[in-house]
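You will see two complexes here that share chain A, one where it goes with chain B and one where it goes with chain C.
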Partner chain A sequence: MFVEFSSVLRATMLGVQLGMTLALVAAGLTLIFGMLDVINFAHGSLYMMGAYLGVTVSAQFGSFWLALLIAPLAVGVIGAVIEVFGLRALYGRNPLYHILLTFGLAVMIQGLVVEIWGGQSLRIEAPASLAGTVQLGPVEYPVYWLFVLAISTLLIAAVWLMIDRSDLGILMRASAHDTEMVDALGIDVSKVFTGVFVFGAVLAGVAGVLLGASRSVNPGMGFGVIIETFVIVVIGGLGSFKGAVYAALAVGLVTAYGALIAPSVTDIFLFAMMAVVLMIRPNGLFGATEAA
Partner chain B sequence: MSHDPGTSTGSRGSTNRSVSTTSRRRFLVSGAAAGATALAGCAGGGGSDTLTVGHVLPTSGTYALLGESIMNGFDLYLQQNDGQLGGYEVETVQRDTAGETDTGVTITNEFLVQEGVDALVGPVSSAVAIAMMQTVQQESSAIWLNANAGDYRVTQDGCMDLHFRTSFNDWQTSAPLAQWVYENVADNVVLSYADYAFGQNSKNFFQEAFEEAGGEVVGEVAAPLGTDDYSPFLGDIESSGADAAFSFFAGSDAVNYISQLSDFGLDDELTQTGSGFLLSEDTLPAQGEAALGKYSLLHYTATKETDRNQTFVSNYSEEHDRQPNVYACQGYDSAQALDIAASNADSTDASDLASALSGAELDSPRGEFSFDPDTNEPLQSMDVREVVQGDDGVENEVVATIDDIELPDWGCSL
Partner chain C sequence: MSLLDAFDPRETGSSTDGILSNRGRFGILALIAALAVLGPVASAVRPFWLYLLIQILVFALLALSLDFVFGYAGLLSFGHAAMFGTGGYAAALLITHVTANALVVLPAAVLTGVVVAAFIGWFSVRARGIYFAMLTLAFAQIFYVIAFADLPSTLLGVETVTGGDNGIVGLATLETFGLLDLSNRMNYYFLTLGLVALSLLAIVRLANSPFGRVLQGVRENEDRMAFIGYDVRRYKVIGFAISGGFAGLAGGLYVPFQSLAQPQLLNWTLSGELVVMLLLGGLGTLWGPMLGAGVVVLLEEQLSGFAAWEVILGSVFVVVVIFAPRGIAGALVSLWEDPEDAIGNVRDALANYREKVMK
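Up next, the complex of A and B:
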């Protein structure tokens, strides 16, 4: 099948952008698992809340930038509430409890969204300063989509550096590795846990606002994204941030090129990819030994 | 990815149904005692003085909004007629299909066998409708007012005297636009559509009619249902060099397709046209200015300036604080059709109702229409609408009305 260069370029740009935005969502999911051993099914709902709160804030104040600032912070607050009043009581218990609680939360949040915002699709208005397109070689590319690509790449790089280099990152990794020892050293581990959960929620909220201005915002988006991010986290290795970033990039590019070559089987291919990785490396590409 | 999963959207909270309703919750509570509830329903009804209506509609999942709009429209008509249709007290039963085929069939079966309903209203999804056909035919105990599912195969493969489309079929929302596009927009088009039965049917019907009119199809792009990002598909649309595009997308797909087409500046290069679901009341607020100047075809337009429609719009808006959409009109007309059927038949027997409704005329908010005696399909005019800037955001304006459309009969002759 003949595919034009301009189409390949457009798909590549989309693939990288998808990879980076999905990584923002997957980062929280994998960090929360790495640290708290909790599989958070409600994580997609946090992404969705970012988008919906973004719709409300931007409509209320007429400012996309305010939405990008406020909505993720509000999602962080929701994350804190979930962690402190919900999950905290269940740490160390059978993971089934975590799944039941977070899945139940996801269903509840979806119901709440329909009640508050209704079932129809909404959209965040992209800022006027980022309207229009730029010429990139043979293709016209929307400025806003480039902005999403740039800002999510920067954020992922910043998180990577923080986890790898900063004292906070060391503390996070230490808490995940040996909770009791960190506790014994006089550090309040439960605060670190809450912090990680909130941090993951904020990142998901940012992704929600960013994509909420290029895609439709609808009540199904939470469950939609959680499937993609689970594939990413499983391929990358549960608990591994680096793994999640690489896997997100791979999934983003496969999705975009798949749409170009064989749109109807792209999903099947993604799941096949996950199955193959699980067969060869059951802990994922960067799993277990290299946690966080 | 992210295929608007069939996952539950949670139950719709309090339902302000104005008529006696066996709510979903009551069904859940009664659980195994569903039979008892059914008996109570019959006994309470007092036999032939009541008309029992079963809503086979989704109140959760992707199509929740559509199901609710149909019920709202149905209830509005009922309310305007003091809870009676054709002189019969109406009792409504409703259960959530969630848009799932198996659930839809189970509910249909339960309504027909246990509840003994006299009329079925629904479904939203064509897949559900096609799966329901066998049960409805087998029981032959209720008239079926199809308030949305538009797949022509219900008529082609079913051709049932009990089935009446109070809505539309997929030929009507695509083929009649072809001649208009050829005469007013361009003589060549690229076709883009959501790759599932309804999208494929619409595409085929348009293509056939467009080529018959003398036009040329220069490209074709199929995107999976539930696509979030259309940019990989835009290349093929652009390189086709077409002057116009005809598309079938609905719901969030329509929002994504239209907005992204505009984001990438492609709508400067071609004129976008499509079936009415591409640019409808439920997508326009999210599409915003990206939708301006685009054309679509549908049988109902809320902004249509006829007295009949204006009255309907103001009554509906009073109840629900928003404008009616096409689904609400279809629900309204389902109640109206049942009213006509029951009063002409003076009976609640399914075949009596059906023969009373055959060929009948309806004074609908969409405009007058009648049921084709051969197929029970609605013989209706279609509106070509252009998206324009209104006082309150963008809105559809009727720019042409196509009358006297000759509908195919798909080999059905009742």
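Up next, the complex of A and C:
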């Protein structure tokens, strides 16, 4: 099987771009897990809502940039509603019930999307300023994809700086580490929880708009992306931001190379990768080791 | 409580010594007798109801198989669709290529379920809790992709094996040396009911046996069981394989009934739905998950006529999990024990909810 060098290069770039965008979704999922102890099955649905709201806003105002701004914020509002009226009632109970709740929400949102936007495939119009391709060495690469790569990478770097360096990040990590102690120090942990969930939702919304202009927007995309993101988060180690980013890159690359070698069975590579990682490191690459 | 401390069914699982009290056993016998009467009645009123009842029984069996590993051994499988689907595909392949004899097809489906579960289990029991769940999910998805992309046909160089996206269609009905005409839906119903009843009996016996007690011990404290000298991994794999056998049987009953085996049977959404059935019904009670399966199948079937049926179905899940934390089984038990208190309970639940949300 001979594959041209330029297509390998192209696949590499595509993989990195896809990985960074998926990292936006996975970062939210892993932060929510790390802090709230919630496996958010509805996270893919938030990503999907970002894409659909992006379709509507960009069609309404004819501006991709407005969609990129408004849609994620609207998804953040949806996230706030889910956290306050749904998850809050379940904290302190067996975490299994979060799965049932968010699974129910995911089914609900999928139904709503079909009801509002219909079952057909839609698309966000990418801005004219980002149309066309550029020549990068031997590869002809769409400008929009470069833009997606740049903005995703910037956002991931910003999130990392925030978690690692800012006071807010310290507060978040502290709450994840010992909720009771932070609570005892006079900080309203429930607000931190809501904040983290909304933050994760906004990131997923951004990813939805970004990929909505390069992949198709359809009612199945929520359930589609959630499995990809679970794989990422589990490989990286649940709750680990760093792990999620590395794993997202790996998944992006495997998806892109897989499409080159055997497009119909790419998913097998992903799941096999996850299985191998878990068999060698049962808690993922950067997962907490004390966990039983 | 941390999710990483493994999914902990202790809180929700049955805490009683016996799996079923004598009253419970009697109740189940009464239920089976009632179902035996209900079938012909439902069929007489509306033939479609019999179809629904068979569907419910199959999913009840599947839910039962998951409750055995999850409720009793504490192993949350997020890939039970793998055993259900491969059991179903085994049945479909046998019917198309070899024989439609139920005495061959159904045992083969069970065996396939056992083998697949032993394979998945052997790899997956290395990880615990949510990571175990994700490993089972990964293996199940691999089976899904294999069926969807019809990988066997590529490997064997033949035109088609699994039929890819379309699946294997137009299957003949099962036969039993001409003893029982299974193209008659009523007979199929009784066959299914009988097998489900036998499976339930077997699982109750298993759960109460020394083997079942070890599994429960593993659920309660895995490390201690290992110190005592039990080969914990081996017990888990065997428990998982047994559960897989019942899931395979469910698949083997479902596919000839639908006369269709499709990749969707192996997809994770089915595994997810199954977990919902368990939680909705009441984990670790054996009868609760079967009830949950009935409720989910009925809801899906009844609601699918409505425009936004998924919205309603999702809302039901959400409301149940917030207001009936122990599932339908828990709600029924508390209603049975103290019917007068039911209104008070509802008021308490609402007040509790308001307090938590307003915090």
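Basically, the second predicted complex is superposed on the first by the 288 of 292 C-alpha atoms of A that agree within 3 Å, B and C clash if a C-alpha of one lies under 4 Å from a C-alpha of the other, contacts with A are read in each partner's own complex, and residues count from 1 in each chain.
In the analysis below, contacts are C-beta pairs under 8 Å (C-beta built on N, C-alpha and C of every residue); 3 or more make two chains touch, one makes a residue touch a chain.
It should be emphasised that the depicted structure is a prediction, and the values quoted were computed from it without experimental measurement.
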{"item": "First, second, both or neither for A:115, with chain B first and chain C second", "value": "both"}
{"item": "Contacts of A:14 with chain B and chain C, given as first, second, both or neither", "value": "first"}
{"item": "Partner chain(s) touched by A:133 [first = chain B, second = chain C, both, neither]", "value": "first"}
{"item": "Touching partner for A:255 - first (chain B), second (chain C), both, neither", "value": "first"}
{"item": "Which superposed partner A:227 touches (first chain B, second chain C, both, neither)", "value": "both"}
{"item": "Touching partner for A:264 - first (chain B), second (chain C), both, neither", "value": "both"}
{"item": "First (chain B), second (chain C), both or neither touched by A:94", "value": "second"}
{"item": "First, second, both or neither for A:71, with chain B first and chain C second", "value": "neither"}
{"item": "Chain B versus chain C as contact partner of A:272, first or second or both or neither", "value": "second"}
{"item": "Common ground on chain A, meaning residues reached by chain C in one complex and by chain B in the other", "value": "107-108, 110-112, 114-115, 223, 227, 264, 267"}
{"item": "Chain C to chain A touching residues, read off their complex", "value": "1-9, 11-12, 76, 123, 126-131, 134-135, 137-139, 141-142, 145-146, 148-149, 151, 222, 268-269, 272, 275-276, 279-280, 283, 307-318, 320-322, 325, 352-353, 356-357, 359"}
{"item": "Sites on chain A touched by chain C in the complex", "value": "33, 37-39, 41, 84-86, 88-97, 99-101, 103-112, 114-115, 190, 223, 227, 230-231, 234, 238-239, 264-265, 267-268, 271-272, 274-275, 278-279, 282-284, 287-288, 291-292"}
{"item": "Sites on chain A touched by chain B in the complex", "value": "3-4, 6-7, 10-11, 13-14, 18, 107-108, 110-112, 114-115, 118-123, 125, 132-133, 140-142, 144-145, 214-221, 223-225, 227-228, 255-257, 259-260, 263-264, 266-267, 270"}
{"item": "Residue ranges of chain B touching chain A (in the complex, touch as defined)", "value": "1-5, 7-13, 62, 64-65, 68, 195, 222-224, 226-229, 231-236, 238-239, 251-252, 255-256, 259-260, 263-265, 282-283, 285-288"}
